[in-house]
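Following are the structures in question.
In the two complexes that follow, chain A is the common piece, with chain B as its partner first and chain C second.
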Partner chain A sequence: MSAHHKVEIPDEQLRLGSGVSKLWIVFLLIGVVALGAGYFMGQGSDETREQFFRSYLQNFSYFLSLAVGCLFFVLIMRLCRAGWSVSLRRMAEIFSMTLIPLALLMLLIIPGIHDLYEWSHADHVEGDKILQGKAPWLNEGFFKFRLVFYGLLWAGMAWFFARGSIRQDQSKDHKITNRLEGLAAPAMFIFALSVTMAAFDLLMSLYPHWYSTIWGVYFFAGSFLGAVSMMVLLFHFLQRTGVLQNVVTAEHFQDLGKLMFAFVVFWAYIGFSQFMLIWYGNIPEETMWYKARMIGFGEGGWADVSALLLVGHFIFPFFFLMSRHLKRRGITLIFGAAWLLVMHWIDMHWMVMPQLHPAGPSLGLMDVLCFLGVGGIFLGFGLWQLGRQALIPVGDPRLHESLSFENA
Partner chain B sequence: MAEQTKLWGVLAEFDNPLKLMKASEAVRDAGYTKWDTYTPYPVHGLEKAMGLKDSWLPFITLGAGITGTAVAILMQWWMNAVDYPINISGKPMWSLPANIPVAFELTVLFAALSTFGGMMFLNDLPKFYHPTFRSKAFKRVTTDRFFLAIEAADPRFDQARTEELLRSMHCTDVQSLED
Partner chain C sequence: MAVMSAEPGRQSLDNTHDDPRERAPLVIGHDLASLTDKICAIVERPGFTTWWKICFGISAGVTGILGAMVLYLITTGVGVWGVNAPAGWGFAIINFVFWVGIGHAGTLISAILFLFRQKWRTGINRFAEAMTIFAVICAGLFPGIHIGRVWLAYWLFPIPNQMEMWPNFRSPLLWDVFAVSTYFTVSLVFWYMGMIPDLATVRDRATTKLRQWIYGALALGWRGSTRAWVHYERAYLLLAALATPLVLSVHSVVSFDFAVSIVPGWHTTIFPPYFVAGAIFSGFAMVVTLAVPVRAIFNLEDVITIRHLENMNKILLATGSMVGYAYSVEFFIAWYSGNFYESFAFTNRAFGPYWWAYFAMFTCNAFVPHVFWMKSWRTSPVRMWIISIFVNIGMWFERFVIVITSLSRDYLASSWGHYTPTWVDWMTFVGSFGLFMTLFLLFLRFIPAVAIAEVKSVMPEGDPHHYEHAHGHEGGA
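Then we have the complex of A and B:
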């Protein structure tokens, strides 16, 4: 029986290799250069500026969702005192800390408020009863304040939970575990409320006449799915460099695969719940959002993207991830995770872009630059932090449970 | 009626799961096929030690789930569009989005009930009699003893040699059971 083995892991298995630990500089440089180039090119005309801020908002939201998903992973595992996932938690802790640079990047939305949000134009609000009614919430001053507030709140939460865990690496103090588990409960409330509000602010208020109360949950469902998929890829990448052998095993990958499967279903459930109520009610002010996404079927319009999401974000991964063998085999799970990360990006694109390109999706240089820009900074910061500590929480009292974990 | 005695198999008793695990590996490697283990709680890794193949249950669940989806959609199509067409809020008579909630529920219902039923069927349950019930010692299987039984119907079964194999695996007792 392996349940109570004492597992000894050599120290070099728990540290990033020297080659990989310098990669972060490359990513960070790519990020800064790409984002700078995008911003500079965007200043050319009104059109390019609008395109830059749209693409930026979409890609920022994409990587924000991954970071927020990692924060949720940390909180939920603390909250239910999970043993199996302890050796995976450090990765989530580190990548939730990318909320620190993301809090700064969030400020770059501020110069684009007028390009992105209709409610920020006083002349539009003036003749519009609905926008007037929403003005106490959707006004520039309060909006800027909220952006700063979300950034500080999430960066603080991520930093606090990661710092406690990292301190425990040295001190081995069990009290840290107890304290963080207790604090995970109120943190979860704050998390749920703030993510819902931020999703309303950043993405839903692009369409200020439209509303969907389930919007925050939809954003969250994609976030956690993306975060788990990203963790699968990161762990496989790290294992290829020779670390974490026998630490993260097929058992862990199978369970991450189960979470991916569960959240594929959850995403579809929430997405359909949002769609069905609006479709059934059939009120023009509600259906307009879907109408914009249901035109041009078979002609490269947004309806094609909607259909792609239905098949690629739900039906295909649903059957693919069902199999135990595909979840336990490295190469197939890597494929599933990469697939879902692409689908999640398309989902974000589908949420943000139809307003700017009503006829259909049109990808351009700006999308690439913004993806590389935010992504480079995101990955660069994450890898930099990853190189600074052990790759698993070596001081956690439940670590042995995770190391000897087996699926029943 | 004259009492007929027919050997059913041999039953070995172990006082801890580790010994049972080792014994299972030995019995598996000796090539026995008609045998089983009995424990008070699920023992991780025992299925590997016994060399059990993957269960068919997931495929029963999948089949039932797909059946549930199909039944739900056909049922709604028949009821709403064919048998008793009625216009509801101007939607088409047969409209897929409106059918999804019922399809989802029937998928889950069929899959869940079939998983339960399939589990019972694959385990030969319910069962009111089993030869191991004849053993007094076997009563402790629900508290603190671990058992391994090899059936006489097994092609490799040979009472003396099978008992010898089990004894060599440090069991606390071996007894033969009648059917």
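Then we have the complex of A and C:
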């Protein structure tokens, strides 16, 4: 164990600067305005409404995945009694709390159920034996109930773990650590099941005939990758404003880069498992999902997006993140993280959109508005909460391990 | 610190406290020299102890049964087994998957836990890795003898030949050949390389010429210079990075054996990660099964502490839950899919003629490990040993359920059948445990069972600044 260096950090290093702490209002305003504009523009016709709800679902799922990934970061670090990551944990705690506004935003899917989900149309279900069989699960009432349930559950979990940590800032009571570490185990249990089911509900049931047992794991893999990439960007951004110097160091960034690398590979492994097994089995009811994503190669069809994901979400970041040097340098890691966040967005787009635009991707104003809408509220809420707390868990008994952490 | 008392050697062996202000020590009451003495004494003791001779005799005898069964099989034909249409895969494949799975814990401990900086892994990695090697040997035996004409086993490899005979590259069975042989090679190199400093230690302490000569040859001229250590640590890191994807790939490829087919119950996308989780689960159970008696026999309670065991049990709980997750998702999707054959496959598993196997699997894997939510069970060697046996049994039954229930009843009801293993099947399976234990006992007798050099690196003295400040202060590791 490395020596206990008593590191004295000036207090202003641990608080958002006054300029930044007001930024949240801007983001929140952008979010609300963009989302409102999108919603009202969507009311124009059936077509625009469908487009709005699709784009909304995609962007909602994107930011939901980032928040869920942050919650996982909190839980896994608690569960493993991690020392190195303590000074990074507050960021994850705060951004997992965005699950509170996201729980509300989840309700905006409800008016779009008919535009999004085929199984919600009674006339479709009537002539379809398979959909009839699924009706006990895929029906409007139960679906709405589940959305509310996921929202409450995650918001509650995120709030609970963040609140405990924030309380410790003042009380310095190490028993809080014990309690949260103990509770992280059952929380992980609930997390795994609820995220899986939510991924089935929100994204897999877009194709109600299609199914894949690995779907929840795929969603999770992208989520955690996105969350870690986002944390890298946020920490770099904060350091540019002058705070957290010598608190979050190249050592931490290197380890976050390692996690990104690991989850680039894990994402590819899970994606490959799903694709290869379906391709090899070659059963029409399974291949249809990939068939929709393998048309128009070289012609701006979805096959191009599939190829882009293979190269941009796996091959390129795989080699890029392998380098120790690139992970430790600010600018290169920022590039890698931003790249992966874009790729994760494209992955989400690729999951949701081919149904609406079968010929190929077509980005429009609605995509921009929904991205700014959900993203603005997400970032605004996160920054607001960040401004109210210390930027690192100052009361954590393992903080010294994180501050003096070095990659051996 | 609670654990340390004034008299070294008389300290409490309980280091399972969970005080976040201080990391618990991983080695209790040893300095560098006493640790070396303790581990080397196991290897250096002259002659053989009675318990070793008894165990070795039994294991060797059981290995003899294995040899007899294989000989009987080869001279007579695979008809001596219970395999027949429709269940063309029986015990051989079940045992193959079972043994490959057992091996996974060793690689997880040596590679993945190394990358995760889990210092406690040093206490158990040497013999967990040894277990990996021996388990893969047992695993490799089964497809080897399953192919019918064993004298043509080399046809498994794509060797250029004048007959233009090639294995089918589209078959996951061939991928298995590559995956398992790569896995075996890397694991063996990793294990051996990690052992070199310890072999040199035994060489340097040798009192006889023969011992000096043998361990000297095995230590490959290790002198412990700083330069050598730098190379050693770099190679260790690289091998860990290479072995990490292998932990996932081997059992993923094994799962492809099943999942690429369109047999109901086999063709499901979660199979690769689910098999990997199951493999680590079963492997850790076997580590517990072996570690508990070994640490008792050799009085290693101060090196493989209760905290080590507790951590292993936590991993058992975690991976057991992952397996339970996969069971549940599979069951849910079997219903959700609306696919008649899928849902039949799963009801047939639970309520069909092999319900007892399914029951054993589900109980042992998805329910029993949950006693580890209780600290009293995680920290009691006797209790955890019993649970680990349950998990070993459950994981064997998992493979039985997957292989047999799906094959014996698939799409066409008129070609359903019932698989019953013969006495040869059973004896071959039992015999493979003999082979495993024989190799393991030889390992215990002749190779330092704990990685001495690695354990030292997690002791307070292993800290480069240890001697600079607070001389004599015994900090946690």
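Keep this in mind: the second predicted complex is superposed on the first by the 406 of 408 C-alpha atoms of A that agree within 3 Å, B and C clash if a C-alpha of one lies under 4 Å from a C-alpha of the other, contacts with A are read in each partner's own complex, and residues count from 1 in each chain.
To be clear about the criterion, a contact is a pair of C-beta atoms (placed from the backbone, for glycine too) under 8 Å apart; a residue touches a chain by one contact, two chains touch by 3 or more.
Given the structure is predicted, the values throughout are model-derived calculations rather than measurements.
Once both complexes are superposed on chain A, the partners chain B and chain C clash.
Of the two partner chains placed by superposition, only chain C is touched by A:Thr196; chain B is not. In the superposed model, A:Glu181 lies in contact with chain C only, and not with chain B. Once the two complexes are overlaid on the shared chain, A:Glu406 sits against chain B while remaining clear of chain C.
Legend: residue contacts after superposition of the two complexes on their common chain; A:Pro397 is shown touching chain C, with no touch to chain B. By the document's definition of touching, of the two partners only chain C reaches A:Leu277; chain B does not. A simple residue count on chain A separates chain B from chain C, and the partner touching more is C.
The intersection of chain A residues touching chain B with those touching chain C, taken from the two complexes, comprises 1-3, 276, 280, 282, 408.
Residue ranges of chain B in contact with chain A, taken from their complex: 17-18, 21, 42-45, 54, 58, 62, 89-91, 97-98, 100-101. In the complex of the two chains, the chain A residues touching chain C come out as 1-3, 80-81, 83-84, 129-131, 133-134, 137, 174, 177-178, 181, 185, 189, 192-193, 196, 200, 209, 211-217, 265, 269-270, 273-274, 276-278, 280-283, 285, 396-398, 408. Those residues of chain A that touch chain B in the shared complex are 1-3, 272, 275-276, 279-280, 282, 322, 324, 406, 408.
Interface of chain C with chain A (complex): residues 18-21, 23, 116-117, 245, 248, 252, 256, 259-262, 267-273, 317, 321, 325-326, 328-330, 333, 336-339, 373, 460, 463, 465, 469, 475-477.
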